[in-house]
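Here is the structure we will look at.
We just call them A, B, C, D, E and F in the order they show up, numbering each chain from 1.
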Amino acid sequence: MAMVGRSLLLLLVTLAAGHGVVVVAFDPNPLQDFCVADPTSKVRVNGLPCKDPAAVTADDFFFSGVDAPGRGATASRRYGFTAVSVDIPGLNTLGASAARVDVAPGGVFPPHYHPRASETAVVLAGAVYFGFVTSYPDSRVVAKVLRRGDVFAVPQGLVHFLHNNGSEPAALYASLSSQNPGLVLVADALLAAPLPVDLVAKTLLTDEATVDKIRANFIVHRS
Amino acid sequence: MAMVGRSLLLLLVTLAAGHGVVVVAFDPNPLQDFCVADPTSKVRVNGLPCKDPAAVTADDFFFSGVDAPGRGATASRRYGFTAVSVDIPGLNTLGASAARVDVAPGGVFPPHYHPRASETAVVLAGAVYFGFVTSYPDSRVVAKVLRRGDVFAVPQGLVHFLHNNGSEPAALYASLSSQNPGLVLVADALLAAPLPVDLVAKTLLTDEATVDKIRANFIVHRS
Amino acid sequence: MAMVGRSLLLLLVTLAAGHGVVVVAFDPNPLQDFCVADPTSKVRVNGLPCKDPAAVTADDFFFSGVDAPGRGATASRRYGFTAVSVDIPGLNTLGASAARVDVAPGGVFPPHYHPRASETAVVLAGAVYFGFVTSYPDSRVVAKVLRRGDVFAVPQGLVHFLHNNGSEPAALYASLSSQNPGLVLVADALLAAPLPVDLVAKTLLTDEATVDKIRANFIVHRS
Amino acid sequence: MAMVGRSLLLLLVTLAAGHGVVVVAFDPNPLQDFCVADPTSKVRVNGLPCKDPAAVTADDFFFSGVDAPGRGATASRRYGFTAVSVDIPGLNTLGASAARVDVAPGGVFPPHYHPRASETAVVLAGAVYFGFVTSYPDSRVVAKVLRRGDVFAVPQGLVHFLHNNGSEPAALYASLSSQNPGLVLVADALLAAPLPVDLVAKTLLTDEATVDKIRANFIVHRS
Amino acid sequence: MAMVGRSLLLLLVTLAAGHGVVVVAFDPNPLQDFCVADPTSKVRVNGLPCKDPAAVTADDFFFSGVDAPGRGATASRRYGFTAVSVDIPGLNTLGASAARVDVAPGGVFPPHYHPRASETAVVLAGAVYFGFVTSYPDSRVVAKVLRRGDVFAVPQGLVHFLHNNGSEPAALYASLSSQNPGLVLVADALLAAPLPVDLVAKTLLTDEATVDKIRANFIVHRS
Amino acid sequence: MAMVGRSLLLLLVTLAAGHGVVVVAFDPNPLQDFCVADPTSKVRVNGLPCKDPAAVTADDFFFSGVDAPGRGATASRRYGFTAVSVDIPGLNTLGASAARVDVAPGGVFPPHYHPRASETAVVLAGAVYFGFVTSYPDSRVVAKVLRRGDVFAVPQGLVHFLHNNGSEPAALYASLSSQNPGLVLVADALLAAPLPVDLVAKTLLTDEATVDKIRANFIVHRS
């Protein structure tokens, strides 16, 4: 991935790769009141193993910090957004996760999707052009300018995006229908992943020189 | 149900009984990009039938009005809370719904549960004592005072509550893991539902006179 | 919870908190012929880890004792019911559990629900008034007097109850659609859980003195 | 199918092919309190369409008649068993169904399976040899003699059977984890279905004359 | 099971009893990008534990060898078929598996079903009579002669079969909707499983001598 | 979408937008033996309504034509691939679909994903570089050169691709874990969807002139 992802989006990493504590939906049903993720377990299963229920406290269902923007690193500042993942171990097995996203004036949360979740997001401040792209072959754009107090829904797995065209910072709170929805930034998957340059050029219906020129702004992962 | 539910909680009604447009999770997976609820269909199925995809617009995924408290009726004013359900027809088949809840100083959103969803809620303003009760036989209270920017998670089907002990109005945005989570106010289920008075007295380990006295403040539904 | 739950309902405890061996429905699908719960495992996952399939015998799918009432403790005798949970380790991953319930003449199995299951119950002996309460805002009572050989179904997560108005002991066999449906006694969740008295009073639309009077008959859990 | 199935097992037919009101388990989750099957609907979906919720009564969740054996027709009398399906329209979307089965002394409920459900069964009267066969390649028999009050569990989709070796009639109540578990009698699938005789002979590792001899006791369906 | 299964079908064994890496369908959803089965784990759960994601390589999602028939042992040569299971550890949690099946001229893959999956199969070479039997009470045969490039679908849990009536070897590639669909050969379940001979005779509506004669060609498992 | 998608990929359209008869995995479980899609129904639900079971024939589970490449239109010839979707109405509710894909020497099936399915694919002829990209932030490429008889698995929702580097035409048969997996070509979602050019430029970390130059080779959908 480009410098963008590697450095500045680190907050999102804890969300996407973390304790399964982010947001999501359509997960398998729970088989007990709760199965709070145990960060010390070395067992790996679908989802996460649980800590001893007797040791569970209210803090296992709690997260603080959605009232302020996340501190982004260099890369996501380039895109102009930051994200704070809601890290709640108790969401393991509960089929949900959440995050706060801030987009600076002129910034974008570039087109991305969640492989395992639908999403709803509410605007906390500012205004933003928000929408999704339908699947092949239509590739329709279903989008609106949202303002404070507006909510928009994104179907499972569809590409969606945020663009702050205004002069005020925008903030949103997003809920996802899986404890670990996953995140794929589509430009990253094409240009920062270590794909052969000829494959990328054929994909973009362009020449390799143009691909190299664009990729110069991304930090291409080593294969 | 008591006057509480009948008159003032009407906003919640559209949520719980409406177009399946509230919040939720663990619903069956979708089988197409979207299946926007068709309010004109006379067919009744698990969930809701879809409108013609060609007629779908961004407004089908959009709701406006979470930036202000709902206008509550007499009854929920008695409890001191109002609710605005996020009415988005496009949430049909997407396994999610949402609502804004406001609780006045001294008010409560009394103990309730959602038969078909887990919930996460973020505090938008004010402070509130928020928590859930574990299932039998423990009946533990897992709760905290939440402030602006705090998030709390409630496992599927467990009783939870809000109590605004402070002097500021409190506002929350709640996400649920089903398109139609359902709502059961436990006091209502015991005291406003047309259950025989002797059954209620035995349930509360008290006498029928005490039940009648308490029920006088509820509007008991006709059987 | 009140003395009721703590002492006399202990049989139910093994059902609700035990080896996931009670009844249930809508659980995740199994991924092998069987995954018999291993009581010696220290690994905690959604559901229960499995014992070595080579060590599985018919006894892992077997339970004896539904032909007689359970021996209840002091508390549930006060309500007038006892319960025997069907403890079958082989039900792990199979999405089902079961229990026998006996209700003495004049007794009740007070309003309760299962957060993770629907239920069907058949009357083995006697007669009983059995039904459920629909969700908010209707709070309809859907109920009937059942006699020997009658079956009644309860939707997932709805409050339901048994009341033996007759002069004969009543016995039922209940099937649930989850290996661990969970049990919430709604009076317990309100009155035996260590909730603040002012919250309970506001919930019951009454004063704190009345709450204290009612709670005197429950054994309130320590917070 | 043989005369067995066609005539005497007709009660089971209503269960397996009926209003989806029979058995149970692992079905999609419900999206409303209930979706009572509407017998008059001409719409066909996965499961069954619902009747108007306002027209729903307690009788939609009720079935009477599990206290006595079903009246079997000629064919199942040959096997020595009868079955009564629990026909409850309200079980649509609830992931469960049930049936009473009676087996005469010397009779069998021959090896069968449910393509869409696990099963638990409790013995109401008599004694019976009950068990299941594990899948390929082990084909283990996991079985026990059950008596009154005993419960046995059968994993999803595995072949199971009842054999009444005793001198008393046996009666059981079976719960299944799907609203429409389906029923496949394995001897029927091999010998009563209109399969080519050479295929059946190769399957049974025998000659066509032996197949014809055995099939003479079945009523082979017309292709 | 008969000599057939024990010796010659051993390839299928690794499929049905192996690392959960064979077939597929309707399994619980994944909660991370992948959970590659860890063959060294001693933990047993629903499905299989995962290896360290950092150690995952492309080989974990790869299988080679579907371009040639499997080498069958004595027993399945008697039936005239061989099978190669697609052993991909990365299919754990992905709800799918696959196998190549070859049927010699005159051979059969005898009637069988998968307790946890639906199936689609494409003919790679030759021709074959392929179909399934509907459930009780219809027992309809839904079948066709398939040729190279034809695809046929089999609903979850229904009995299906292959019969190569032609003079050319037939080869198919089958996809299943579970990581571990399971396999039940119905003749095996009746005749190779250690069921009491009187139960089998009653099931086949024949006498015990005929059962013994047929069973002589199977290798009956020891109980 | 570009001319590519509009004209030449039309075969894929029937797959992605057709009778729900294409691909597969993790769909809701079936509630009857089968629910064959009824092309004449005007009712729209999650998935598709069923035709009368009495009218179902073997042809409803059958598709012919996977033995030859599909005839592609202008656009997909530019990418160098064609696709044939396996159009089987009986796959409705069965959680599966399939397609044949051919890639000419030098051609690609450009990076894409299925929002609702995992995939396995077997190589029928030729050789192809096949793999997937893991989700954010790793964006690892997990890929191999596959040859005839090789199988590769792709987790649900991840971006994957085919590149025929060789001199022989390549052909694959792909199975998906949903009846309607959906298809998103990521370059299309970025460049052919009617997104504002400034949003696309910011997404690609490039200038609008470069975006316009690349888009000239796509047929941008009208908004």
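One rule holds for everything that comes next: a contact is a pair of C-beta atoms (placed from the backbone, for glycine too) under 8 Å apart; a residue touches a chain by one contact, two chains touch by 3 or more.
Here the structure is a predicted model, which means the values were calculated and not measured.
Enquirer: Using the touch definition from the top, how many steps at minimum link chain C to chain F?
Expert: The fewest steps needed to get from chain C to chain F is 2.
Enquirer: Check every other chain and keep only those touching both chain C and chain E; list them.
Expert: Chains that touch both chain C and chain E, as defined above, are A, D.
Enquirer: Could you pull out the chain whose C-alpha mean position is farthest off from that of chain E?
Expert: It is B.
Enquirer: Over half shared or under half: which fits the residue numbers at the contact of copies chain D and chain F, same or different?
Expert: different
Enquirer: Counting only Cα atoms for the centres, state how far chain B is from chain F in Å.
Expert: 40
Enquirer: Where the centres are mean C-alpha positions, what is the separation of chain E from chain F, in Å?
Expert: Inter-chain centre distance comes to 28 Å.
Enquirer: Please output the residue numbers of chain C that touch at least 2 other chains, ranges allowed.
Expert: In chain C, residues 26-30, 33, 43, 45, 47, 115-116, 135, 155-156, 158, 182 touch at least two other chains, as defined above.
Enquirer: Treating touching as the only link between chains, describe the layout with one word: line, ring, star, complete or other.
Expert: Graph shape, chains as nodes and touching pairs as edges: none of the named types, so other.
Enquirer: Which pairs of chains touch each other in this structure?
Expert: Once each pair is checked, the touching ones are A-B, A-C, A-E, A-F, B-C, B-D, B-F, C-D, C-E, D-E, D-F, E-F.
Enquirer: If you look only at chain D, which of its residues touch chain C in the complex?
Expert: Contacts found on chain D: 24-27, 29-30, 33-34, 56-59, 61-68, 86, 88, 90-91, 94-96, 98, 118-120, 122, 124, 131-132, 134-135, 142-144, 146-156, 158, 173, 175, 177.
Enquirer: Provide the residue numbers of chain C that touch chain B in the complex, in ascending order.
Expert: Going through chain C, the ones touching chain B are 1-2, 4-6, 9-10, 12-13, 16-17, 78-80, 107-108, 110-116, 129, 133, 135-141, 155-159, 161, 163, 182-196, 198-199, 202-206, 210, 213-214, 217-218, 221, 223.
Enquirer: What residues on chain A touch chain E, complex-wise?
Expert: 20, 26-28, 43-48, 115-116, 178-180, 182
Enquirer: Would you tell me which residues of chain A are touching chain C in their complex?
Expert: Those residues of chain A that touch chain C are 28-33, 35, 38, 41, 43, 45, 47, 49-52, 93.
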